[in-house]
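In the two complexes that follow, chain A is the common piece, with chain B as its partner first and chain C second.
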Partner chain A sequence: MEELRKHAKELLENKTVAAILGYVEVDPKRTRPAVITKPEDASKLVFNEYCLNNLAVYLTKARIKNIAKQNGAVMKLGIVAKPCDIHSVIALIQESQLKREDIHIIGMNCHGVVKDFGMEFSGETLASKCVPCESHKPLYHDIVLGEEKQTPSVSDEVLAKIQAIEKMTYEERFEYFKNEFDKCIKCYACRAACPLCYCQRCITDKTIPRWIESSPHSRGNFSWNVVRAFHLSGRCIGCGECERACPMDIPLSLLNRKMAETAKEAYAYVSGRSLETPTLVGSYDVKDSDELFM
Partner chain B sequence: MKIGVFICHCGENIGRTVDCPRVAKACEWLPGVDVSLDYKYMCSDPGQNMIKDEIRKRKLDAIVVGSCSPHMHEKTFRKAAVDAGINPFLVEIANLREHCSWVHDDIDSSTDKAIDLVRMAVEKVKRNVPLTTIEVPVTKRTLVIGGGIAGIQAALDVANAGYEVVLVEKEPSIGGHMSQLSETFPTLDCSQCILTPRMVEVYQHPRIKLMTYSEVEKVEGFIGNFTVTIRKKARHIDEDKCTGCGLCITKCPTKKKAFNSFEEDLAYRPAVYVPFPQAVPNIPVIDETICMYYKNGKCGMCVKVCGREAIDFHQQDKIVTEEIGAIIVATGYKLYKIDKKPDDSPIKGYGEYGYGKYKDVVDGLQFERIASASGPTSGEFKRPSDGKEPKKVVFIQCVGSRDESKGFSYCSKICCMYTAKHAMLYKHKVHDGEAYVFYMDIRSGGKMYDEFVRRAIEEDGVKYIRGRVSRIYEKDGKYIVRGEDTIAGMPVEIDADMVVLATAMIAQQDASELAQTIGIPYDKYGFYNEAHPKLRPIESTTGGVFLAGACQSPKDIPESVAMASAAAAKALVLFGSDKLEREPVVAYVNESLCAGCFYCKKVCPYGAVEVKEVKDRNGVVYKEVAYVNTGLCQGCGTCTATCPSKSVELAGFNNEEIFAQIAAL
Partner chain C sequence: MKEQNWEPKIIAFVCNWCTYTGADLAGTSRLKYPTNVKLIRVMCSGGIDPVFILKAFERGADGILVSGCHPNDCHYNAGNFHARRRWTFFHELLDYLGIDKNRLQFSWVSASEGKKFVDVVSKVVNDVKAMGPFKGYEELNNEFMTEFPDVSGVDESMILKEKEGEAV
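This part shows the complex of A and B:
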């Protein structure tokens, strides 16, 4: 923690970065995102198992971007990032939303976070996205901080649920998702929390014509939730922020995880892992499998 | 808005399965429709006049024609609309033929469907926006890919009409397969004698830029405005200095020689070589894979003997770009080989004929080389294994062709003729020899063709046996050919000295890769697809790309030459005007909504999407958005489908129009 604060202070003092997106403590078992612009505030930064937010979502927000614009030049933005958050940053760079040279990545070694604030960190309270996680060290970074610790190993409940759904008939599956989506209140918190939902005008908000129905009816519920999933297929890096943001507890990670696994099986592609690989959506190889096309 | 609806019976094509008067009557009541009529042939002169009269009389704003596919007559009806004073893009076609009458048989339900289709078109046309056509310039230069007889003919025709041609050939010399042939049917004139003067004409033509040993790497742009990237492979010999004396070839001491592919592997060549003595250009190539200089840095004999200092071991491949208006693809064919194929290959080899392990079981092109005066045997009939004169030769037709189990169901078309020619040539030189031909059917349609086959049978005594050969095997220095005579209804066994297989003509190995480079469709065999099998056999479906010769399907020389001249004529039609009119169906970006993810740029097959910087009032770039170059956009709509926020629209098919069309259903 001390080295993080020291590094952040140096960055701000040397004017290497205009601001640092990081976490500050609310109480010992709760943090909140913060934008640190003054060197003296660097001492407020923390990093622990309660740093749940994926801060990459802020990188594309106009207000944050404007902080980096000073005297007509673009300064760097610093971000305190878990390895999974870095995957989001990579996906954003691949989709032309960021430039690598504009971002200073403070990569944190990570052994998992809790499901929710206030919980004691243990195998039982480990966030479900952390259970199958293989990247405990930052892939791309400007500095790596934090100690390396063992992630508690627990059974993969999301995977078990996916396998259970795969055993269902199409009718049963439809019924299952219909019931889940019926809870949706269209608050679009999932969209707001997603780092990859950076469109200036979401297709759901397009009204002339309205392609995506927004009624509180099964049709509208399916329209939104299926379009959200489709628009993230081959792109979602699995940070799980949509599900955490959902006030109605819709299990969005089931869809996200299944899509990511399909992309991996069919095209050996995992989103947000490499700046050199072309994105799955928008690239074509003659050898690509066409199994998934109807 | 006043809309006119016109329902065509298309003779009986639509009228048989769609109750056209009922459709017209039902559409009268659609909101916005002022008049709804039906007629037997709407595309005919009276039909068109009916449309024009109604537009003028009723002051219509837009029309919907329920007829055949827009592919067929959209232009016709647009022209009629323009004549009567309305914008051509306020014409919608409801496809009542291909989408309705031809695919259904119940008259009631297909009539209901026809009404739905018209209603959808009416809703769309209400939202259509008048558009104006885009004019683009035409680069009056032609690229011909492939320097066989088709490519040569096309290049000469275009160049002689006064336009520049770039002729690209993969091999070190032009001439193609025709230069390998001994004599040609049905006149038996020498192939080289009629071809080589053409090759020289190409070489000396002031308007033909000949690029041999070169390959097309990239094709960008569109009709009239292609930019083509060509890789000129390193010959390791300076083309400007070399005089073609051939001293380097005769002195080359390479011990481990390579098969001479021009001689169909029946002879060897040194590391520095020209494919054949009459090659054009007569400039050798150094084969890096066997040249001793590249192995151990020694030798350099060619450098010592070359008086012109033309040898350049360090020459690199050159990348050349050319501005082109029309492309003629004349890449030809290759012959199927009977050797064992990988298990997962859709094409199979012939185990029953020995998978190519018998030296004296040769294919048609190998036989051409044996029969050719310039071939490895100087035209004397000697079999490859021991050089003896074969006294009994069996010719087998349809090896691969018309054989689904081997991967090809088509007829290679030329084998009936060239087998008759082969047998005839053999009999002319080996008077005491016996020639047998196993055939399935004799397909000899063409001027003087059947007479030619009859001559082989009747005058030259070639014995034709109708039936297939089930097996060839070696026994006591003979090849036992076991087959069936289906006319006599009994098995036959011939102890041959040599067997000639008329193997299938197949697409070039890299045919599909080249098709993807150029952006033209191809069939499951790798032959290039024409735009219409009857009415547009020369054009590919890509504008400005024309096909010539056997790259489209198996063809003989006269057909290839005819097709090449036709392709040249198509290119010249294109060059007949200085500007091309293009449909304004192009994409445009809503810059205020574009998030700049550039997925549209990644998926655009025409490279039409560019990055545009948006600046604030101080001139500072605050975002980057997609921008569509309307000159390059072909209106395929891939970007509009890809855009996650629907910030790209396609003129003529915008979101509102399409949505209204769907909503009307």
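This part shows the complex of A and C:
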């Protein structure tokens, strides 16, 4: 933690970065995101198992981008990022939403985070996104900090649930998801929390014609959740922020994870892993499978 | 009852350059195919947004066919390649959510394949007939009507208001 504060202070003093997106402590088992712009505030930064937020979501926000614009020049933005957050940053760079040279990535070694604030860190309280996680070290970074520790190994409940759903009949599945989507109140917190939902104008906000009904009834809810999941297929890096933000506890990771598994099976592609490869849905291969088509 | 005389409603999204012309050839060649299918012509299979499919299901479609040019034959060179990746995901997603894979089918039909168009349409119609009416979305529609009895269930913004001469 000390090295993080020292590094952040240096960056701000040397004017290498305009601001650092990081975590500050609220109480010992709760943190919140913060934008640090003054060197003396760098001592407030923390990193622990309670740093749940994916800070990459702020990188595309106009208000944050404006901080980096000083005296007509664009300065770097620093970001304290877990390895999974770095996947989001990579995906944003792949999709031309960011430039690598505009971001200073302070990569943190990570051994998992808790499900929710206030919990003691252990195998039982490990966030479900951390269970299948294989990247405990930052892939792309400007500096790596933090100690390497062993992640508790627990069984993958999300994958087990997906496999259970796949065994259901079509009617049962439709009923299951209809009931889950029925809870939706169309608050769009899932959209706001997602680093990859950066569209200036979302399709659900378009009214002429209105493709997705905006009132929270089962038909409109179904369309919205299908479209949200589809627009993130092959892109979602699985940070789980949508599900954590959902006030109605809709199991969105069941959808996101399923589409990620599909991308892996059909195209051997995992989102947000390489700056050199093009995005999956933004590119094509003439040799792609033609099985689906008569 | 209604069930006995039930005929499926099939919507086909077809591309202007290949499948639509193929369907035209089927017509001019006097080939017969089921009348359940309603064609919607779009410029390219790559231009069919999955929300079109959802909207069609909302309006009571029992089955949907999406058809375009064969790979390497796209009028826009790569439209169907892009479509192919996207449909793979969308098809998998709908299947996972409990919409039978046979309700949404895909094909490549070229301008010279009038016979293939007839075969494809017949297959889709037979598949959907075997499955029966699409109950899932009917349920969603009924719930919508009970919740909002004043609304006809049709989005006003979707109707072309020809009388008033308003553009949509």
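The rule we apply is simple: the second predicted complex is superposed on the first by the 289 of 294 C-alpha atoms of A that agree within 3 Å, B and C clash if a C-alpha of one lies under 4 Å from a C-alpha of the other, contacts with A are read in each partner's own complex, and residues count from 1 in each chain.
The definition used in the following text is that a residue touches a chain if its C-beta (ideal position, glycine included) is under 8 Å from a C-beta of that chain, and two chains touch if they have at least 3 such contacts.
Keep in mind that this is a model prediction, so the values were computed, not measured.
K.L.:
Mind working out whether A:N71 is in touch with chain B, chain C, both or neither, as first, second, both or neither?
P.N.:
After superposition on chain A, A:N71 lies in contact with neither partner.
K.L.:
Once the shared chain is lined up, is A:I203 touching chain B (first), chain C (second), both, or neither of them?
P.N.:
After superposition on chain A, A:I203 lies in contact with both partners, chain B and chain C.
K.L.:
Taking the superposition on A as described, I'd like to know which of chain B and chain C A:V286 touches: first, second, both or neither.
P.N.:
A:V286 sits against chain B and chain C alike.
K.L.:
So in the superposed three-chain picture, is A:S155 touching just chain B, just chain C, both, or none of them (first/second/both/neither)?
P.N.:
A:S155 sits against neither chain B nor chain C.
K.L.:
Contact-wise, after the overlay, does A:N14 reach chain B, chain C, both or neither (first, second, both, neither)?
P.N.:
Touch partners of A:N14: none, neither chain B nor chain C.
K.L.:
In this superposition, which partner touches a larger number of chain A residues, chain B or chain C?
P.N.:
Counted on chain A, the partner with more touching residues turns out to be C.
K.L.:
For A:W211 in the superposed arrangement: first (chain B), second (chain C), both or neither?
P.N.:
Both: A:W211 reaches chain B and chain C.
K.L.:
Do chain B and chain C touch any of the same residues on chain A, and if so, which?
P.N.:
Residues 203, 208-209, 211, 281, 286, which sit in both footprints.
K.L.:
Which bits of chain A are touching chain B when the two form their complex?
P.N.:
Against chain B, chain A makes touches at 69, 72, 95-97, 198-203, 206, 208-209, 211, 231, 278-279, 281-283, 286.
K.L.:
Which positions of chain A touch chain C when the two form their complex?
P.N.:
Within the complex, chain A contacts chain C at residues 165-166, 168, 170-178, 203, 207-213, 215, 217-219, 222-223, 226-227, 229-230, 233-234, 255, 258-259, 262-263, 266-267, 280-281, 284-286, 288-290, 292-294.
K.L.:
For chain B, which residues count as touching chain A in their complex?
P.N.:
Touch list, chain B to chain A: 516, 592-599, 602-603, 618, 620, 624, 642, 644-647, 655-656, 659-660, 663.
K.L.:
Residues of chain C touching chain A in their complex?
P.N.:
It comes out as residues 49-51, 54-55, 58, 71-72, 78, 81-82, 84-94, 96-100, 105-108, 120, 123, 135-137, 139-141, 143-144, 147-148, 155, 157-158, 168.
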